[in-house]
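Structures given as structure tokens follow.
Look for chain A in each of the two complexes below; its partner is chain B in the first and chain C in the second.
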Partner chain A sequence: MKIIGITACPTGIAHTYMAQECLEKECKKRGYDVKIETQGGLGIENELTEDDVNSADVVILAVSVSIEGEERFDDKPVVRTDVDEAISHTAALVDRAVALVKGK
Partner chain B sequence: MKSFLKDIQKYLLTGVSYMMPVVVVGGVILAISLLGADQTAKGLVPTNPIMVYLNLLGKAGMALMIPVFSAYIAYSAAGKPGLAPGFVLGYIANNTVSINGVDCKSGFLGALVLGLMTGYMVKWMKTWKVGKALRSIMPILVIPVVTVFVVGMIYYFVIATPVSFLMTALTNYMTSLNSTSVIGLAIFMGIFAEIDFGGPVTKAVSMFTLALISEGVMGPNGIFRILVAVAPIGIFLSTLIAKDKYTPEERNNATAVGIMGCLGITEGAIPFAIKDPKAVYPACIIGNIVGALIGALGNVTCPVPHGGFIVLPVVGNKLWFVVAILTGAMVTAILLKIFKKKLPAEETEEKKENIVSATEAQ
Partner chain C sequence: MENINIIRRELIFTKESYADRNEILNCLIDRADELHLLNDKATYLKDVLNREETMSTAVGFDIAIPHGRSKGVKSPFIAYMHTETPFVWDKNSSNQVDLIFLIGVPETNENNMHLKFLSEISKKLMDEDFRDALRRASSEDEVYSMLEDINQKVQK
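Coming up: the complex of A and B.
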């Protein structure tokens, strides 16, 4: 299982990175491959490459603002939510992403 | 309907996130330019050339905040073609125009409405099925010109008067608050301003105080910027006075949370609030009310949309700002000591064996 995602919050200094950390922690705990791009105050960091996107099973977009490059995931299963859910209900969110893959 | 509102929230938050640094630039430089300025009948006037130039730079930042806000609301809704009409229409919202002999300036509120209208208009125009020849000139000619024309006319003939009336009424009300209503405002802000520690409710309050900054009313923002620091610093202090109620990991994290609080970032408090909401929410809210009241009675003002001790140099009534933060934080800390349940002794001590077995289990 490989999960990729993007996190972005309005101010781009705290929530963005907390959500990234929560998602990475939860996925690693389950033994999944994971890469989370952040679109915070400094712009795009830890950018998802084309390879990342191609090899990913599912995309989690935990964003409370408009993000750049959403069209990259046009033919991928995508879970959309806001940044808060990735922080407070990380496990449930990852469950949803996994269910989306398995349900296909 | 729910997803429609959710979209609007997202658009507005995007606008705020792009506007924020512009206001910080304008607010900080403007505040510096007014240090040691002469008090005249026309307000504060900077004395030497450097200060005069700084004053111009600061005013430029403040003047741009409104157009940037509406432009990026439109950008969020409609992508790149939303930017140009968003900037132009935001600019008109921020300039006074005489309509039927009445001066109208809808400012922040107008820019919000115009940004959304522009965004939806452009988004809709993007769905038009047009011929090949026309398609290439849609984004550079048709969309910007038609959008500015249509939304601009609607603005002047319909929206400008009521919205600027509302905005003026709000500004006047906020400038003429008597002491009882100041206390009411402080209590209200104490409860709601940081109820989700930097989340959507906080940002809504922040938009309200930003709107008032753009009209030159800095008091509510002063109160708000105190509250930003109260909860995280309070939690940090409580880990010092109530060691038996936190795990070692939490005590470690709390130092970082305290530093974040001083730098004006409330979000550090979230993990603590999630873990023990019954203790943390009431303690933080009461601490915030205390901080807000002290700030309001001390007439604290702040010209920038950021808080904590890091903005101290540009804050008005600095002493009260510091007193408000520290008192609020101490109240929060003491209440946390009372509200939080004691942890079993083994959880509050370093537990080496457990850590080892936890790693093995993975």
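Coming up: the complex of A and C.
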């Protein structure tokens, strides 16, 4: 299972990176491949490449602001939620993403 | 590389008996003002409260990270408070907190190092061991060392 995603919060100082951390930890715990791009105060970091997108099973957009490059995921199943969800209910969010893949 | 003093001992408070969000914000903001880190207290407070209204910063794990990127901030800083008892941060969520990190960032970014530090601190707060260690710290100096360690690692 490969999960990719983007996290972005209004101020771009803390929640953006906390959400990334939570998602990465949860996915690694389950033995999934994971790559989370952040769009915060430091700009775009850990940018998702074309290869990343092609090889991913599902995309998690934990974003509370509009983000750049959303068209990259036009052909992928996407779970979209607030950046808070990724921090406070990480496991449930990852469950939802996985369910989207299995439901195909 | 300019080393910005984003953590200061004077902005660290342990074993406090506060149990109200606005009182705590005012306490920390007043201290930041005394340290000449702010252009305008009222503007910064307004920005912090606006951010809370948009999305509560009590994200769970008994922590809250109120913050603002604001014209009211002159120098970037992080303030820390550990309250003796957890209390409900705001009416919008039932999340209790006893660890508060208040972050202030000037509106225009000239130096990414402090943002890097803030993102590292935020990530570390997702680590249960780190949170427990903060709570177990017996003095402001101890908390200061822990935070300064992270700052040093980021500066490398």
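Just so it is clear, the second predicted complex is superposed on the first by the 104 of 104 C-alpha atoms of A that agree within 3 Å, B and C clash if a C-alpha of one lies under 4 Å from a C-alpha of the other, contacts with A are read in each partner's own complex, and residues count from 1 in each chain.
Here is the rule we use: contacts are C-beta pairs under 8 Å (C-beta built on N, C-alpha and C of every residue); 3 or more make two chains touch, one makes a residue touch a chain.
As the structure is a computational prediction, the values presented were derived from the model and not from experiment.
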- prompt: After the match on chain A, would you call chain B and chain C a fit or a clash?
  reply: clash
Field: Which of chain B and chain C A:S55 touches, first, second, both or neither
entry: neither
Query: Is it chain B or chain C that touches the larger share of residues in chain A?
result: C
- prompt: Where does A:S66 make contact in the superposed view: on chain B (first), on chain C (second), on both, or on neither?
  reply: first
Message: With both complexes overlaid on chain A, does A:E21 touch chain B (first), chain C (second), both or neither?
response: second
Query: Following superposition on the C-alpha atoms of chain A, which segment of chain B from the set 55-63, 325-333 or 343-351 overlaps chain C?
result: 325-333
Message: Does any part of chain A touch chain B in one structure and chain C in the other, and if so which residues?
response: 9-15, 18, 41, 64, 84, 87-88
Message: Applying the document's contact rule, which stretches of chain A touch chain B when the two form their complex?
response: 9-15, 18, 29, 41, 64-66, 84, 87-88
Query: In their shared complex, at which residues does chain A touch chain C?
result: 9-18, 20-22, 25, 40-42, 64, 82-84, 87-88
Query: What part of chain C is in contact with chain A in the complex they form?
result: 51, 54-57, 59-60, 65, 67-69, 103, 105, 109, 112, 115-116, 118-123, 125-126
Partner chain A, residues of chain B touching it in the complex: 9-11, 13-14, 16-17, 20-21, 75-77, 196, 198-200, 203, 260, 265-268, 270, 274, 362
